[in-house]
Structure formats: C-alpha cells, structure tokens
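Each of the two complexes below includes chain A, the first together with chain B, the second together with chain C.
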Partner chain A sequence: MADRLAGIRYLLPRWSGKLGTGLIMVGLIIAFGLVAPLFAADPRDSSNKGLLPPSGSHLLGTTKLGYDVFSQLATGTRGSLYVGLLGGISAMLLAILFGILAGYFGGWLDEILMLITNIMLVIPGLPLVMVIAAYVQNTEGLGEFARSSTLVALILGVTGWAGSAVVLRAQARSLRTREYVAAARVAGEHGLRIIFVEILPNLVPLIAAQLIFGVMAAVLGEAGLSYLGLGPTNSITLGTMLNDAQTGQAVGSRAWWWFVPPGAVIALLGTGLALVNFAIDEIVNPKLRLAPQAARRQRRATKAGRGVAGGGAFA
Partner chain B sequence: MRFYLRRVAFYIVTFWAAISLNFLLPRMMPGDPAAIMIGKLRRASGGRQLSDETIKGIYALLGADKSTSLWDQYLAYWVRLLHGDLGISSTRYPYPVATLIGNALPWTLFMVGLATVISFALGIGIGAWVGWRRGTWVDQLVPATSLLQSIPYFWLALVLVAIFSVQLHWLPIVGAYDPFTYPSGPQASWAFAADTIVHAFLPAVTIVVSSVGGWLLGMRNMMVSTMSEDYVLTAEAKGLTPRRIRDRYAARNAAIPSLAGFSIALAFVVAGSIVTEQVFSYPGIGKLMIQSVQGLDYALMQGVFLVITLTVLAANFLMDLFYGLIDPRVRTNG
Partner chain C sequence: MSNSLEVRHLCKDFRLRRGVHFDTLHAVADANFVLEPGHTVALVGESGSGKSTIARIIAKLETPTSGEVLLDGAATNFSGAKLAGYRRQVQMVFQDPFASLNPFHSIAHHIERPLRIHHPELSTAEVRRRAAELLEKVQLGAAYLERRPHELSGGQRQRVAIARALAPGARFIIADEPVSMLDVSIRVGVLNLLAELQRSEGLGVLYITHDLATARHFSDEILVMHRGVIVERGPADDVILNPQHEYTKALREAAADPDRLGRLRDEVRAEQPGGTHED
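Here is the complex of A and B:
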C-alpha cells in the first residue's frame, strides 16, 4: 500500500510557486464560470442603457445593446470552459488512440496511423476548421445542433489531436521496449491489456500535459472561430462576446470595458494552464528541473569559495 | 537519398489528401453547396443568365447531381484544378477565384513571412540566452512567455489598435496602404514601400508578440537539456571560452529541434494571421478566407483553403530539405 502511494506521488507534480499560481488562477476562473452566472443579472437583458462605462450597478459597464458585460463575462466563461473541456477531451482521446496504438504495435499500423497524423499536422488547423464549420453549420437537418457550442467543440477536437499523438507515440514506443513490458508479454498478456495496464499508467503525466494543451487550444480555437462569426449562436462564450464587440465597433467607440475583459480571461486561463503544464513538464523531463537546480547549487558553492576553478560556462 | 525520397512521397500523399478532402467535404454534406453557390452567383450577377461554362465549373468543384458517379466527378475535379480553374467568386463577382487569390497572396506572404522570420530569430536568440543563464533570475521570465502564448492573436490586435491607432493616432487602423494617397493601387516607389511598412507594422507586431513565446520556450528547454550533455562538459574541460561553448556547442545543437518544430509553429502563425488580417482588414489571404466563409462563397473558400495548404506544405518541404542538410542523423535514420 505504501509503495502504491509512493508511486502515485511520483506521478504528481512537485509543489512549486509556478504550480500553485497556476492552480489558483485556473481554479478562480473555473469558480467564476460556475458560480458567477448563478447570481449575476440576466446576460441577455437589454433594458439597460447602451455603452455605459463601468460603475457600481454595472461592474464592467454595458455593451452597445445594453447587455451587462459582467453577466456576459460570467456566462461566457462558463461557455468557453465547456467548449475547452469537451474539445480538449475529444482531442486527447483521439491522440491516445492514434499515438499509443501506433507507438505500441509499430510496423505497418504505425506507418498508416502516423501518415494520417502527419497529414493532420501539416494541414493548417484554423483554415481547415473554418471550412468544416462553414459546411457543417449550413447543413440542413441538424437543426439547433448546427450552431451549438457542442458541435464547435467537437470540430475543434477532431482537428486538433495530431500534435499530442506524435508526443504520445514517441513515449509509447520507448516504453514498449522496457523490461516490464517484455515480461508482461512473456507472461502471456495480450496487447490491449498491456496497453491499458502497463503502458497507459506510465503515460499519465504526459497525457495530462497534452489534455491541458488541448483544452487551451480549444478555448483559443473557439475564440478565433467565434470572432470570425463561425461560433455558436445559441450560447454565449468569450469568443462570441469578442465577436459582438467587433461588430459593435467597440474599439472605435473606445469601449475598452467591452472587449478587454473576455480576452483577458482567455489569456489568464491560458497562463494558468501553462503554469500547471510547466510543473508537469518537469516530471516528464527531469532535466528541466535538475539542471537549473544544479547550476544554482554550483554557483552558491563558488560564491562560498568551494567551487571548482574556471566553472565559467556553468556560472 | 532514402530520407529525401520518403519526404517527397509524404508531401505528395499529403497534397493528394488535402485536395481529396476539399473534394469530399462539400459532397459529404446532406445539403447541396453547388445549388447554394449557383443561387448566389445568379443573385450576384443581377439575375442575368450564367454561362454554361460557369455552371459546369461550379458542379465540378462542389458536386454534381447524383447521376454522375463519384469517381467521374473526382476525375473532372482534378482536371479543373490542373488547369488552374478554381471557379468564379460570388462575393466578388465576376472575378475568378484564382485572380482574387493572386492579388491577395503577396500581401500575406510579405507581412506573415516577415513576422515569422523576426519571431523565429528573436525566439531562438533569447531562448538560447535564457537557457544559458538557467538557474538565475532569468528563469523567472520563462513562465511569462506562456502569458504571451495564451493571448488570443486578435484580442492583442484589438488592444494594440485601441492604444496605438484609436488613442494615440500613431499608426493606421486598416488596410495595407493608404487608398487616398494611392487611389490607383500599388506602385513602385519608395514612398509607397514606406506606406506598406507602416501599415504592416501593427499586424506584424501582433504575430511576433504572440508567436515568439513558443520558439523561446522550446529553445530554452532544449538549451537546458543540451548543456548537460557530455560534449559540453568536454568542451568546458578543454578550456574553451564560455562564448564559444554557448554558440558553437550548445546553441547550434539545441536549435535543431526548433527547426523540426517549424511546421507546427507555422500552422500556428497561419491561423493567427487569418484572424489578425480580419482585425486590420489587411487585404491578404486570411481576409479573403473570412470573406468567403461569411458569404458562403464555397468556390472561393475551397480555393483559398487549397492555396493556404499548398503554401504551408511548400514551406514545410523546404524546411525538411534544409533540416536534412544541417542534421545528417535524420538522413540516415529516416
């Protein structure tokens, strides 16, 4: 049992200032998206005056149509988080499917899966997403779903998995040759069991890092799509807010309180997620943590007069 | 040689896949993009009769009636493309798609190309320095790059416009040149060149600022890893100057993966430049793409997507050749 716990602890990121800051930032934004819409005013209430600057009654002012920006921001954060999570998870599942199967089985399966992955990787993402979205959203028979945030998230997921698949494949390939995997194979375990029991658990930090990337990419992708007018129409996201601000000439009319907050939330969320990812990176690649530490230690030693003469390059 | 053959084969397959995707997408949809497109063209032409040639072209690009087999459609599609016929635009009727793309492409290549090169050089340079100084206060700068990376391109562009164009009136808000000074369009003069640079400045800065973080971080991490290699220790033991170790031993090797990651970064830049062009109404490929998507101009949309994909493939291919040249290992390991 104690061994087991030690194993799990090994997979968890080390506590550091970066990780703490990142978790707090992400946590606050998630809490804002979950809780604030419950007590904020109706984001589609247009009875207010238009383009009011921030004040006591409207914390972040109002839009041209009189919507309360704070309420819109709260609902929009929730909408963006939903798209990010759904898009990130679907991209991650596809990346696991392609990356681990290709890396573990090798041979012709690897060739084919990697060919598909590499094609997806070099075809530029946003134009592809725009083309797919333009066709799908104008398809008859989808009804409400055609312009929903769920569909936008799925499109982003289906087009955004290739980079993670490459990373996972490389790691799965190297794990495949480890002794314990060979032992499992000799013991007669079949392929899928080896993948799920022996390989997948060791990929957890990497998958977590890729998931975080995926969520971020989906949030940014949704913002870009919505800004271009291809986002969901029946729900509010940070991207649709920016699109409204664009069509409402927010920049020209100097209504900074309208277009600055949604972008700032996206940037802060992205920064928070990236900080968490730094901590995970340091598990995956211990050199990133150990090398600066060693350099720091060496410099301290030199300063204390215990250094090696001519340690110049490492100072 | 095997390396180059494999790369050439890969790009041919990708090229084929991109075109086939372009062919299949409108045909997989339950609706009828060809009918929508022809309706749009009729309206754009002011109710005049469209020539049979135009209508035939649209069917070839977007899908004919169900009586023609998919295979025959596919062949006809290829024949059209190989003749350089991308159809007629409905949003910019009666211009052919190929002409519109030809006019827009130079602007994008100029602005985005310049921004990418600047961003790459800056990122590699600063990244190498930050990696070299690992374990010092400089490490604190590293997380800051993630802030740059998570800023949406277009939002940064909006903020820059709000500050430098609307508030301070230092730089122009829209376009690639001043249409009032140059009403007859681009001309070959120094004043015009200066005007284009002034107009490209903010969009380029947007792209540089949002993409430099990725290069920087990648280079820094590789530099840190490379610095703990044995040959760096050997170089140090030989008594080489730190500068020589940094530039000749560490940075050169650390930069290689950054070059390999060029394709991923390029896709990022292309995506970013599309939305950036929208913010600045920059008359490039991205703006054209957005126009086509918003106006459901399927012919233009297909054409632009194709050209963007081909350009990115070409850039990647050149990069691969270059990569094989500087790193012999990839040539032998395939």
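Here is the complex of A and C:
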C-alpha cells in the first residue's frame, strides 16, 4: 500500500499560493453549483414581479420575466459545470486515443491520426461548433436529446480535442524512446500494457492539465454557443442566462444584477481553473517553479538599488 | 551448437536522410561470435562503432538487415509465444540506470513483472518472495522492494536492473555499457557483482564497453569493433598485451596509464622551470 501512495504523491502538484487560490475558487463554485440549487427557489417560477433589483426576498433580483436570478445562477452554474466536465472529459479521451496511439506506434498510423488531428486544428473552432450544433439540433428523431446540454457538451468535446492530442503525441513520442520502455519490451511486456502501465502514468500530469484546459474551453464554448442561441434550450446554464439577458435588453434597462453574476461566475471559474493549471504545469516543467522566485529576487534587488540598469527583466 | 547464443553474419544498415537523398550507414557489418554459459565476451569499441546495435538486435529491439541470431543452434526470427521463450533465456542490462527504471513504479514492479510474465503459475506471495531473493542476490535486500527509483543511487539502480534481467531465469545477459554512467568509485562494485553472478549462475555475458582495462579484467574473450566491423578478436590478455590491429593499438594508447601520465607530467614540469602556468 505504501508504494501506491508514493506513486500518487509523485503526481501531485506542490503546494503553492497559485494552487491554493485556484482550488478554493473552483471548490467554492463547484460547492455553489452542487448545494445552492437544493434550497434555492424554482428557477422557472415566473410569478414574481419583473426586473426587481437585489433585495432580501430576491438576493440577486429578478429577470424581465420574473425569474429569480439567484435560483437561475445556482441551476445555471450546475448546468455549466456539467457541460464543462462532460465536454472536457470527452475531449480528453479523444486526445488520449489520437495522441498516444499516434505517438507510440508511429509510422502510417501516426500519419493518418495526425492528418485528422491537423484538419481539426485548422478548422476555426466556434464556426464549426455552430454548424454542427445547428445541424444536429435540426436532425429529426433525436427528440428531447436534440436540445439538451449533454448533446452540446458532446459537440464541444468532439470539436475540442485536437490541440491536446498534439501535446500528448509529442510527449508519448519522447517517452516511447526511453530506456525503461525498451526494458519493458525486453522483459516481455506487450504493446497495450506498455502504453497503459509504463507510459500513461508518466503522462498523468500532462493529461490533467489538458483536462482542465478542456473543461475551461467547454464552459466558455457553451457560453458562446448559448449566447448565440445555439445552446441547450431545455436546461439552464450560465450561457443561456446571458442569452436571456441579451434578448431581454438587460443592459438597456440597467438590470446589472441580471448579467453581471453569470459573467462573473464564468470569469472566476476560468481564473480558478487556470491557476490550478499553472500548478500542474510546474510538475510537467519543473523549471517554471523557479520563475516567480527569480522575478521576486529581481524586484527586491531593484528596490534595494542593486537592480539591473533599465530594469531589464530576464526572468 | 547447443547451449549457446550465436551471432552469425549479422548486418544492420540504417538509412540516413541527407536532404533529398538517402545514405546507407552500415552500423554492423558481418558480425560473428558465440556466447557460452559461464563465459564473458567483451565487445569493445568507441561510441558509434555498432556495439549497442548488436546488443539491441540480440535483445530483439531491432531486426537485423541480414544474418541471424541463433539460440542453442536454432534460428530465432520468431514472434509471439516463442519470442517470450527467447526473452526468458536472453536478457539485457541497459546503459543508463537513470533512464531504464520507470520513475512512476516501485522497485517491486520492475522485478515482479518479469517474474509474472515468464512464470504465470507463481502465486503472489511466491512472486514477492522471489523478488526479495533476487534483490538479495544483487546485494540490496528486500527492503528496497517498496522504494522508488528516484530514492536510489546510480549503482543501486543498476543492481536493480541486473536483478530484473535475472528475474525470468536468463542464461545469457547482454550488458550494454553497464557502468559507463556510474561514478568511477562504484563501477568496480557493480562489475564484481556481474562477474560473481556470472560464475555462480553460470551465465553467458556479453560485456559491451569502451574501457579496455575492465574488458581485460572481467572477460575471457575480447572483440574489438571499429565502424561496424569486428577488427580483432582473441583471448583477453592476447588482445590487450599484443594488439595486432591499428585501431586496438590506438585504443590502448588512449587508455589512462598512470605510469605514462606521471612521466608526462614530469616532462611538462621540466619544460616550465619555476613558473606557475596561467590560463
């Protein structure tokens, strides 16, 4: 058991201010999305008066149609997190499939997989997502599923894996030539076991970073799609809230409580995930750990009048 | 020949891309030698001479362009279950102990996996017991099972690599420059361990090195390799004391000789009377 634990510790990021801040931000938002909908009022209850400013009975006021913004925010956060997680995970699985198989096996398989990856990379992201979303949602026979957040998440996953696949392929190619992989082959290990037991664990920090990046991209992508009216219509997300605010002319009627909260949650979630990602990057590239220290040392030196002339920063 | 590992007319070409056209590099050209249990053959040469290519071909990490590797007189150009049988007999110790152990896995993983692959009938407890036994054999002890590679020194890692090579029950070990990445002070310890295991287990060892002194001390036969060709071969002492080929002579000259170095230093001092040399 002890060696299992040590294996996990080898993969964990070192504690730092960045990691702590990021984890707290993401943790609070996730907790809000999980817990708040349980005791918030019905987000689709339109019996309230429209465009009420924040007050005791409506913490964040109401929308034009009389929906309670706090309840909408709680349900929308949960919906956006669901889309982000599902989209991020499906993008990561596709990136692992394409990137690691191409990198490990090389040859013609690499050529074919990378051709597909490169095509996905050069097609502009949002227009492709819009076209696919519009097309799939008008396909008959999908019923409820056609306008669900699950479908939007899957579309975002299918269009958002290419960048991660390129990163994973490069790393898998490098790991493939390590002597411990050759040693595993000499010991008699087979291809798939080498990929999953010898190579994949050493890719975990990189995959985690790509997953977080994927979650961020899916949350933002969903917000973009919904804002354009191509998002899930039978569920509430932060994006659909912004879309409602835009069509309801929230800015024109000065109802800041309608569009600022969903925007702020998206921005804070993105910031928190980015901070966690920085901490994970430091495992992948340990040199980054020293960068803040170098910058701090330089600042201190400048303050003490010993700085490099002209404040030339090289950190 | 039965009970031997034989390399016959082995050739390996690499295609190198130079701009638009390809050049062929003859990494190994017509190599022939026999490895027998209880004997050590040293393969000596500078880097790029093709020694490691031979090691990788014997370890079935590369396929030869032509020629063959014979185990107990039988051809070995097979795959699948038969290849597993070959690997049970022929194992390899890699050059860089810092790269040949997976940083993610414990030492136990490195030793138990080959045991499980080649002896699937063993129970978990038996595998563990044998892994501990193998670590004892390389003078490390069962306590190292739970350690991870980054906690070990280079010499300890190379001992683990040797235990891993012994795990399937190999009769032949290809040691590809096993001590070149280690501190000079611990090289002899690892080499003595290899020699001791070779005697006690009756192993056939192919010792690949660029160091003539250890080749002479630890092997019965020396093959000198230069640009893919084996240019000289013979009993260890003959090759070192009475080299025939120009390249062997040059290698011998290049080896550090304390007496000669001492004389050189005295000569240099005599030429620069009284002055400390500024540089």
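The rule is simple: the second predicted complex is superposed on the first by the 283 of 315 C-alpha atoms of A that agree within 3 Å, B and C clash if a C-alpha of one lies under 4 Å from a C-alpha of the other, contacts with A are read in each partner's own complex, and residues count from 1 in each chain.
Keep in mind that, in the parts below, contacts are C-beta pairs under 8 Å (C-beta built on N, C-alpha and C of every residue); 3 or more make two chains touch, one makes a residue touch a chain.
Owing to the predicted nature of the structure, the values given are computational and were not obtained by experimental measurement.
Superimposing the complexes on chain A yields a three-chain arrangement in which chain B and chain C fit side by side. Contact with chain B, but none with chain C, is seen for A:I266 once the two complexes are overlaid on the shared chain. In the superposition on chain A, A:Q293 makes contact with chain B only, not with chain C. Residue contacts after overlaying the shared chain place A:R173 against neither chain B nor chain C. In the superposition on chain A, contact is made by A:N138 with chain B only, not with chain C. When the two structures are aligned on the shared chain, A:K64 is found in touch with neither chain B nor chain C.
Set against each other, chain B and chain C touch different numbers of residues in chain A, with B touching more. The gap separating chain B from chain C at its narrowest, counted between C-alpha atoms of the superposed chains, is 8 angstrom. Interface of chain A with chain C (complex): residues 2-3, 6-7, 10-11, 178-180, 182-189, 198, 201-202.
The touching residues of chain B, counted against chain A in their complex, run 10, 13-14, 17-18, 21-22, 25-26, 29-31, 33, 36, 134-136, 139, 142-143, 146-147, 149-156, 158-159, 161-162, 166-167, 221, 224-225, 227-228, 232, 235-236, 239, 242, 245-246, 263-264, 266-267, 270-271, 274-275, 278-279, 289-290, 293-294, 296, 298, 301-302, 304-305, 308-309, 312-313, 316.
Interface residues of chain C, counted against chain A in their complex, comprise 56, 59-61, 84, 87-88, 91-92, 94-96, 99-106, 108-109, 113-114, 117-118, 146, 148, 161, 164, 167-168. Touching chain B in their complex are the following residues of chain A: 18, 21, 115, 118-119, 121-128, 130-136, 138-141, 163, 216, 220, 223-224, 227-230, 242, 245-246, 251-252, 254, 256, 259-260, 262-263, 266-271, 273-275, 277-278, 281, 285, 287-288, 291-296, 299, 310, 312-314.
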